[in-house]
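Quick notes on the structure that follows.
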Amino acid sequence: MLEALKEQVLKANLQLVEHRLVTFTWGNVSGIDRDKGLVVIKPSGVKYSELRAEDLVVLNLDGEVVEGKLKPSSDTPTHLYLYKEFQTIGGIVHTHSPWATSWAQSGRDIPSLGTTHADYYHGDIPCTREMYADEIAEQYELNTGKVIRETFQHLDPRDIPGVLVNNHGPFCWGEDALTAVHNAVVLEEVAKMAYHSLMLNPSLHPISGVLLDKHFFRKHGADAYYGQ
Amino acid sequence: MLEALKEQVLKANLQLVEHRLVTFTWGNVSGIDRDKGLVVIKPSGVKYSELRAEDLVVLNLDGEVVEGKLKPSSDTPTHLYLYKEFQTIGGIVHTHSPWATSWAQSGRDIPSLGTTHADYYHGDIPCTREMYADEIAEQYELNTGKVIRETFQHLDPRDIPGVLVNNHGPFCWGEDALTAVHNAVVLEEVAKMAYHSLMLNPSLHPISGVLLDKHFFRKHGADAYYGQ
Amino acid sequence: MLEALKEQVLKANLQLVEHRLVTFTWGNVSGIDRDKGLVVIKPSGVKYSELRAEDLVVLNLDGEVVEGKLKPSSDTPTHLYLYKEFQTIGGIVHTHSPWATSWAQSGRDIPSLGTTHADYYHGDIPCTREMYADEIAEQYELNTGKVIRETFQHLDPRDIPGVLVNNHGPFCWGEDALTAVHNAVVLEEVAKMAYHSLMLNPSLHPISGVLLDKHFFRKHGADAYYGQ
Amino acid sequence: MLEALKEQVLKANLQLVEHRLVTFTWGNVSGIDRDKGLVVIKPSGVKYSELRAEDLVVLNLDGEVVEGKLKPSSDTPTHLYLYKEFQTIGGIVHTHSPWATSWAQSGRDIPSLGTTHADYYHGDIPCTREMYADEIAEQYELNTGKVIRETFQHLDPRDIPGVLVNNHGPFCWGEDALTAVHNAVVLEEVAKMAYHSLMLNPSLHPISGVLLDKHFFRKHGADAYYGQ
């Protein structure tokens, strides 16, 4: 069932290791088949070096396991909620990658300070508000999805394919699982460079809307002219 | 004698290299067999690339060598003291890993700024007070253990499986030698991210007790639900 | 056609990966045959791991493709403009290498703080002014070349073989494509060290003209005495 | 001639690459045979990947080449002067390793902030004064040695086996070439950690003399008890 999707989600999970975004098992990638309404996600706590396609867990959007012998990622309710709320996305990745997590812990949005940022994120990368005690105590992972949704009430997830969960770390997404990982790598690079730029010049402002548009639409949309 | 423990302690020592926690011979791991009251520890100053299981030294808790041709780690008295005082631990690791050591040299506790921290350390990671001249001049390594013990007078070593020795570097522990190394890797990541978060936002406070509990008990104790 | 130049430009592009200057496809190198007036450049958006000499694109200085089935780098107009304006250069490289890009995003010139800098760059490495909205909206890549040219109105590109484009990242050059990459590696090292030196001592000034001359002319010009 | 010394100096030069202390050819190691009064040093500007024992240059202390077809390192006069002035040393290494060079560019001594430092350097690692214009213009490399000597007028090079040359980078030494490289690796680690400790706590003071002594003499001198 969903063999091609499983292979892609497996590949996307293993790319987290190649791109040095994960320590131990601190990350997970999922992908969705919108037609069937089924999500494929990494099992909880399984080492990447031992992960095989058949270990991946298939769930429906109600969170019921349809296939797989292992427990799904503990972050599954966050993934499922985001798939339901963000209809245009096809893959989600969560990591504790160090630069993005450092920003998440700081509670600050990552300002768009350059064209590397603008090539993939059409504006600042927001950090969620801190979660309330009752949101943490009950249905924590579902509420993590809700606070992301709240942060995006005036944003399109296609324009800003990632978020920093306050005190926690990044979630990224994309049209499929591999694109989500791509956006997670970009986020880590952008987070690192924004940190150093701000240390060199604490009064920096985000780049102009004209430059932001120029670079984002070089790579996205009908008038994109980057690549073959 | 203690072949399985030796193999585990050897593996744990070699993991320090894989995880890039050591330069040269600046680290050591030990494990204890509580039933027999015997500790297995790395020999002093031996290169990791040449270390074999038969090089490891076996001592009793009085510090008498029971097996092994080489001198044990010069930090052995610290390890033995901690095994005696912290009855719940089964493995100890000491390194000069750069991020944790940078914090140790700064004299600051590492505040719990995010969920990566809370997943393994149930509160701030304390830095000991500086040692007095007489504690350094005589029985220095034993007194290093005592100042760690003093720092934990109101803390449970199972809740906070590591410490920063002021002006020196980290000691971590766990239920066995491999878990101790795992906690040392976590400490290094947490130290790195806390540094960058504080540079981005110097007025940060630790996360709430509710979030700290949520994440620590996702991975520890009777109600843990992370992993298989 | 231009087989030797293509091999060199291919090698130079692949060196970007070896020296860890690029993430994904974020970089491009070109080289020029001055006699023929032809430029060889990387195709747009092609992965380095799949890049072959026959994929490279040959253009004349009017931007007309003379050979090659793929679209040239989207930054081609910048390269062509620089070849026309800087008659002494034979190769150009553009990357988003993280340290140089962090400086570019900060809007600051990199001051010449040491002999590593002076060995290759005979003075501060300038950051361009920000581009105006109309320069971005139309002929953006050509105007990127023009703002670099403007920055060098009183500088010789042989003395300072690189620049930071504000809000964007570095362009470097040299007598050929391989030298341009060499200068890009130097820039990244110099950017990293200047950052840390300034954090340690924010009131630093550039080194003296005597020391700058001494090191630059140890490696460049008629009286050079470094190397064989 | 001096085959064993050449092999050691070759190995020491190659260790610079293994320990990531050099970019391109930015480093050199030498060793001395005190009985014969001959120094073996890396040739100038030769790539490490192509360096062979027979490429090394043998000189007497007057700077006359005794064996070797290549030009010796351009820093040779600094090495020779130090061998003459520091009679107890047997090997010297110069690099532009990034952390030590960042400190050298800042003009600051590296304070002894922890036991990693104290294990190898018995006190702060000094940064020389800036060199005067006439010292740079004529006999620059010889004068570099002289300014190092001046910095050590009240220091024993066996206690502090390295120095930061202001605006330039580190020189380290030891009883032989391999020990010199060992000390250069230590310097780089110590420089990195001191930087981060000071950023966390800018008002830090060096560790106490008691702790400094304890660690230095654990590894050095008649009462050393570290290692086998």
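Side notes on the structure shown:
As written, the chains take the letters A, B, C and D, and residue 1 is the first residue of each chain.
As a convention for this text, a residue touches a chain if its C-beta (ideal position, glycine included) is under 8 Å from a C-beta of that chain, and two chains touch if they have at least 3 such contacts.
Protein identities per chain, from UniProt: A, B, C, D = L-ribulose-5-phosphate 4-epimerase.
Bear in mind the structure is a predicted one, so any value in this text is a computation, not a measurement.
Superposing the C-alpha atoms of chain A onto those of chain C requires a rotation of 90 degrees, given to the nearest 5.
Between the CA-based centres of chain A and chain B the separation comes to 33 Å, rounded to the whole angstrom. In this assembly, the C-alpha centroid of chain A lies 46 Å from the C-alpha centroid of chain D. Under the contact definition stated at the top, the residues of chain A that touch 2 or more other chains are 195, 198-199.
Chain contact topology: the protein chains form a single closed ring, every chain touching exactly two others. By the document's touch criterion, interfaces exist between A-B, A-C, B-D, C-D.
Contacts from chain B toward chain A in the complex involve residues 113-116, 182, 185-186, 189, 192-201, 204, 207-208, 210-211, 214, 218, 225-228. Chain contact summary for the complex, chain B toward chain D: residues 23-24, 26, 43-46, 70-71, 74, 96, 98-99, 101-108, 130-131, 133, 136-137, 140, 167-169, 195, 198-199.
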